[in-house]
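Can you read through this structure? Questions will come right after.
Going by the order they are written in, the chains are A, B, C, D, E, F, G, H, I and J; count residues from 1 in each one.
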Amino acid sequence: MNRLEVTEKIISTKVAKGIKWSDVADKVGLSKEWVTAGCLGQMTFDAKQAKVIGKIFGLTADEIKWLQVVPYKGSLPTPVPTDPLIYRWYEIVSVYGTTIKELIHEEFGDGIMSAIDFSMDIVRQPDPKGDRVNVVLSGKFLPYKQY
Amino acid sequence: MNRLEVTEKIISTKVAKGIKWSDVADKVGLSKEWVTAGCLGQMTFDAKQAKVIGKIFGLTADEIKWLQVVPYKGSLPTPVPTDPLIYRWYEIVSVYGTTIKELIHEEFGDGIMSAIDFSMDIVRQPDPKGDRVNVVLSGKFLPYKQY
Amino acid sequence: MNRLEVTEKIISTKVAKGIKWSDVADKVGLSKEWVTAGCLGQMTFDAKQAKVIGKIFGLTADEIKWLQVVPYKGSLPTPVPTDPLIYRWYEIVSVYGTTIKELIHEEFGDGIMSAIDFSMDIVRQPDPKGDRVNVVLSGKFLPYKQY
Amino acid sequence: MNRLEVTEKIISTKVAKGIKWSDVADKVGLSKEWVTAGCLGQMTFDAKQAKVIGKIFGLTADEIKWLQVVPYKGSLPTPVPTDPLIYRWYEIVSVYGTTIKELIHEEFGDGIMSAIDFSMDIVRQPDPKGDRVNVVLSGKFLPYKQY
Amino acid sequence: MNRLEVTEKIISTKVAKGIKWSDVADKVGLSKEWVTAGCLGQMTFDAKQAKVIGKIFGLTADEIKWLQVVPYKGSLPTPVPTDPLIYRWYEIVSVYGTTIKELIHEEFGDGIMSAIDFSMDIVRQPDPKGDRVNVVLSGKFLPYKQY
Amino acid sequence: MNRLEVTEKIISTKVAKGIKWSDVADKVGLSKEWVTAGCLGQMTFDAKQAKVIGKIFGLTADEIKWLQVVPYKGSLPTPVPTDPLIYRWYEIVSVYGTTIKELIHEEFGDGIMSAIDFSMDIVRQPDPKGDRVNVVLSGKFLPYKQY
Amino acid sequence: MNRLEVTEKIISTKVAKGIKWSDVADKVGLSKEWVTAGCLGQMTFDAKQAKVIGKIFGLTADEIKWLQVVPYKGSLPTPVPTDPLIYRWYEIVSVYGTTIKELIHEEFGDGIMSAIDFSMDIVRQPDPKGDRVNVVLSGKFLPYKQY
Amino acid sequence: MNRLEVTEKIISTKVAKGIKWSDVADKVGLSKEWVTAGCLGQMTFDAKQAKVIGKIFGLTADEIKWLQVVPYKGSLPTPVPTDPLIYRWYEIVSVYGTTIKELIHEEFGDGIMSAIDFSMDIVRQPDPKGDRVNVVLSGKFLPYKQY
Amino acid sequence: MNRLEVTEKIISTKVAKGIKWSDVADKVGLSKEWVTAGCLGQMTFDAKQAKVIGKIFGLTADEIKWLQVVPYKGSLPTPVPTDPLIYRWYEIVSVYGTTIKELIHEEFGDGIMSAIDFSMDIVRQPDPKGDRVNVVLSGKFLPYKQY
Amino acid sequence: MNRLEVTEKIISTKVAKGIKWSDVADKVGLSKEWVTAGCLGQMTFDAKQAKVIGKIFGLTADEIKWLQVVPYKGSLPTPVPTDPLIYRWYEIVSVYGTTIKELIHEEFGDGIMSAIDFSMDIVRQPDPKGDRVNVVLSGKFLPYKQY
């Protein structure tokens, strides 16, 4: 058994039972973004959270243990994603990457925006010209240290 | 002459004169994100905006014309970026890509978040545990149409 | 179970029973292009459409549910397709890519031709020198917005 | 001297003088798609056409000769294009590739749609919900021959 | 079931029974090159030919149907082939590619040598210094058409 | 100076003076295929041949020396060629590669068809349905030796 | 002018004058690892440090400014390094990568070892069986945060 | 059976029984780094060590034999690792690679730091600003020999 | 069944029974290099040799037939090998490749060292400073022929 | 100035003056293999050797200094070499790689054959059936050490 098999079982069960990620997140008591990432095999649940997930998706004791093991991360099958929704995000990095770099450095100096001490919030913004997806990314600035 | 040469001249002049992107944006009258992307060769200025940019960076008439030509976009030298700041964004797409996809589809159905009818806002969020980079991405949801 | 398995079952059944895509499309009541793409695991059917497809191909209730789940899109096994028919399309993008870009920008300014608000129609055009494949692609023009 | 240098001179002159591709095509007396592709270094002009092009862009006698030499074709710098407009076309091939293949084979049997005995027409289709880019591709069907 | 499984069964049976490709071709009544390519999953048999193949290799009715379905072509596992015999052909394209291009263009003008309206004949040429493999490739010249 | 510069000068001069490869070959006294490959930087001329080439293309004494130096071979800029004429040859290797391998092994046993002790002849074959390009490849069979 | 040109000038001057990195570091007053990385175009100097560097390598005022601009990082020309010394480090990541991951997670839980809040110390360790290179890497552990 | 299957069984059992790598290492009597690498299929155990490992993880006699076979090394699924923890190490090689090269050569001359006569020690360094991961790498310097 | 399965069975049996390649070679009556390559699926045995191999590894009649079928060669899973022992050989080609080319051409003129009419002998050379691996490669020189 | 420029000057001069690598090696007093690799920018000369080289090729004082700087190694422009002579060596690694690994491990246990404590000798072996290239590679065996 491995984490991938647990992830596949979760997804399979989700489709068969019509479970929603936001409901799973409510039961775990954390954001829908982090919980979904965890169910998709990218994050590590603690024992209590894993038990909740296990109950929702009908996991065995061993499968619940796998949810608590740090996974090998990376959710995409190719370096450049082929799925159009995910590609648009890759395109933002490709087109705006140097812009993001310039502006963060102009404000903060040399360093990075953390992808670890990080959170993400995806919300619908109603708009008469067509609703929008609004995403807030928040990452701690980590300065390069001299030594 | 080509757009790349104009971009390189802009960057060269920026370093030599100590110009700030946010000041350039103020003079153009648009967001710092869009204006920086334009100066870095990713967006198209109209005649009036190009003139302002041209004045700031001491561009010739021909160079100002190039700012109004739609560029071949994509600002990174490799499919997987090597620069740590930009890589963290690639990593977010890699780790959270399937999560973003699931949650947008759960909320909106099949379709994408536009990278064209799109805006981005990068701000500093003071935090006693270390200031954070907050980025708001806003893209129109475009549903797949049946035909 | 996953979408790929449903797609493989559909294709397997199609060969075994000699089903035609155009007949499937007629029963679903949409174009042959969109319906075929859906059967090949690239589009999302609604409940009613999925039921029709399910009946044609003898799918189970769970398999019919999978037809309603947004798939991870991208139908080709390699970045540059090896199949000669599909390669010719890649070649058109490779040879004419910059031409298409120039002419759309000359007509519309900076922006893209949508691949989401998009339709395609493939028809046979009789020709004494050899019949032709005529394909009409129609995509909404989406202008880059300044902000 | 090589063809690439001639192409770059043509593009440079186009920007400096504000020449339009459709005007060039009118003077050559062929479609804007084929003429633009030729000016961008993908097609071969005959002596008379090359002379017209040479006059418009101020080319030397040697440069005019290069327009009549068959070029090494392929207009994109990377296998997967980074420019958003061109990428959308790549995405169409990626998402719809197997669909196009199935439907052409269903109609014509085994073979390909030629990219050589081929034409393309790009037009604006006014639409109250936003104008559309309509592209008609026409390629002779070439059946695989048994031997 | 899919075409690959049928191909693997054909190859397996060929080894187990010691069948020769040239004998298969004789029974089908076509060249050994085309018939072998078909048996290896690259070409499409008609009903009568498929029946002959099916009998030779002990295929089921469904497997015989798959021989009549246009396959996704491309017989090699990597873009640059590792097998020495096949690599030598890739090397010929790599070393002589520009030469072939120059000489065909010098003789015919701009266009291609078809790989669809195409035949190949592989024969042994006895030679006292060591027998040679002689291969005749014949492809229709297809000129680029202006439009 | 290096071989590439000599090759570029040869090509440049060829276009400027309207020289034909077949005429060059006649003067050298060898096949047009081998001589063209040499002029394109893939083969090594001896002193006498280099002198003839040098005279035709107006090369300096040093440039003539470079024609006699064994070049780093490989004439294509990418592993998968983008030029349609050359791609068709790559496609033949991709589609027919395993067929060629099977048939040579069936006739000769394990070994390869040499790309070194090799010749190629490209000729026009008149055909009322459209002239054909006929290419004869001849390579010595080299058997794997046991030891 | 760009940072790469400044880096090349520094390296050129170092060879011509026989400057040692450790001496440069002493004058800057920081570790030899960080200072060398900065001189090789990977780190950002402050005004005072840049002045010291500028004096040592005879840089102009503009070149000194470039040392204070955050560079696009990544010092290797290929994803898998070809240089044997650097490859051995890549090999350590390849062979021991999963081991490092397991042991850090066993000790710290889910998170990463920072490459930003990071230092490195390279020292010679005398050894009768052959001196050793000892490298101490120190990176802050950054735990994934739940949200 | 192959080594990969043995590795997967070891990992599976580790999760199911909650075994710690450091405890395994204690029982084997070697460092946790080397023993973990061995359990993950990168190193070769001797008969006695393999027996200890076999007992801990409930391996069969054949599986224990596989632990003593030299494995095909390389523990990562892609040339550039996607997992954030392992990527940071790749980033260190990418950003600091030329620095490491310069400093080792400055101290030792031309040669490499061995990845074979090599050891690694990973320890937690308590720090009030956040604990650190400290890693000591020790590799014998191997000078290039002239001959 | 295919050759890969036979190879895997051979390797599996070798580990289970503790068979040595040199003993296999002795029984076949050829060099250990050629026989090992054959057992690893890279060479073709004749009927008599295959029978010997089959007896040693307990192969079935069909498996013995597969040993006599010319395999698709290439024994490595990635273009750049990750295994350190094999990588060192790749490194020799990378570092010394142009040197080998220069020296063979200086001695023999244009041509290649055959990898088909080729033998290899790997021996231990005792050395007080540490035993050495000595490998003798012998390949027939094949000159490019003019035609 | 950089090492590449020095290498190119050496090669240029070699062609212009007709210098032979074996003569250069004689004057330096080392093997032709090591000296050629050094002249091609892969090895590091000491002051005395560099002076000899400098005299032969007419190098300046600065160019002679560059010969004493450890170069970034790797002499090939692509991961899989296109030059036929060098490719044959790559093919040997590809086809025989696992064989070499098995036999060295059978003789020596786990470890590698060094490419650093390494020498190579290329000689012509006269043979009535065609002279052979004989190459002796000698590398110290380096065992993996447990710790």
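In the analysis below, contacts are C-beta pairs under 8 Å (C-beta built on N, C-alpha and C of every residue); 3 or more make two chains touch, one makes a residue touch a chain.
What you see is a predicted model; the values in this text were computed from it and never measured.
From chain B, what is the lowest number of touch steps before chain F is reached?
2
Taking F-J as the reference interface, identify its repeat among B-H, A-H or G-H, namely the pair sharing over half of the contact pairs by residue number.
The F-J interface is reproduced by A-H.
Could you tell me which chain lies farthest from chain C when each chain's centre is the average position of its Cα atoms?
J
Compare the two sides of the chain B and chain C interface and say whether they are made mostly of the same residue numbers, over half shared, or of different ones.
Over half of the interface numbering overlaps between copies: same.
Rounded to a whole Å, what is the gap between the Cα centroids of chain A and chain J?
The mean C-alpha positions of chain A and chain J differ by 49 Å.
Return the distance between the CA-based centres of chain G and chain J, expressed in whole Å.
It comes to 29 Å between the two C-alpha centres.
Where in chain D do residues touch two or more other chains at once?
Answer for chain D, listing residues that touch two or more other chains: 33, 72-74, 76, 79-84, 91, 94-95, 98, 101, 105, 111-112, 114-116, 118, 142.
Pairs of chains that touch, anyone?
So, checking each combination of chains, I get A-B, A-C, A-D, A-G, A-H, B-C, B-D, B-G, B-H, C-D, C-E, C-F, D-E, D-F, E-F, E-I, E-J, F-I, F-J, G-H, G-I, G-J, H-I, H-J, I-J as the touching pairs.
Give the list of chain A residues in touch with chain B in this complex.
20-22, 32-33, 36-37, 40, 42, 73-76, 79-81, 83-86, 88-108, 111-115, 118, 120, 122, 124-125, 127, 129-142
Would you tell me which residues of chain G are touching chain A in their complex?
By the definition above, chain G touches chain A via 30-31, 33-34, 43-44, 70, 72, 98, 101, 105, 109-112, 114, 116-119, 142-147.
Which bits of chain D are touching chain F when the two form their complex?
Going by the criterion above, the answer is residues 1-2, 62, 65-66, 69, 72-74, 76, 79, 115-116.
Give the list of chain D residues in touch with chain B in this complex.
Spelled out, the residues of chain D in touch with chain B are 8, 11-12, 15-16, 18, 77-78, 80-84.
Under the definition above, what is the set of chain I residues touching chain G in their complex?
Residues 80, 82, 84, 87, 91, 94-95.
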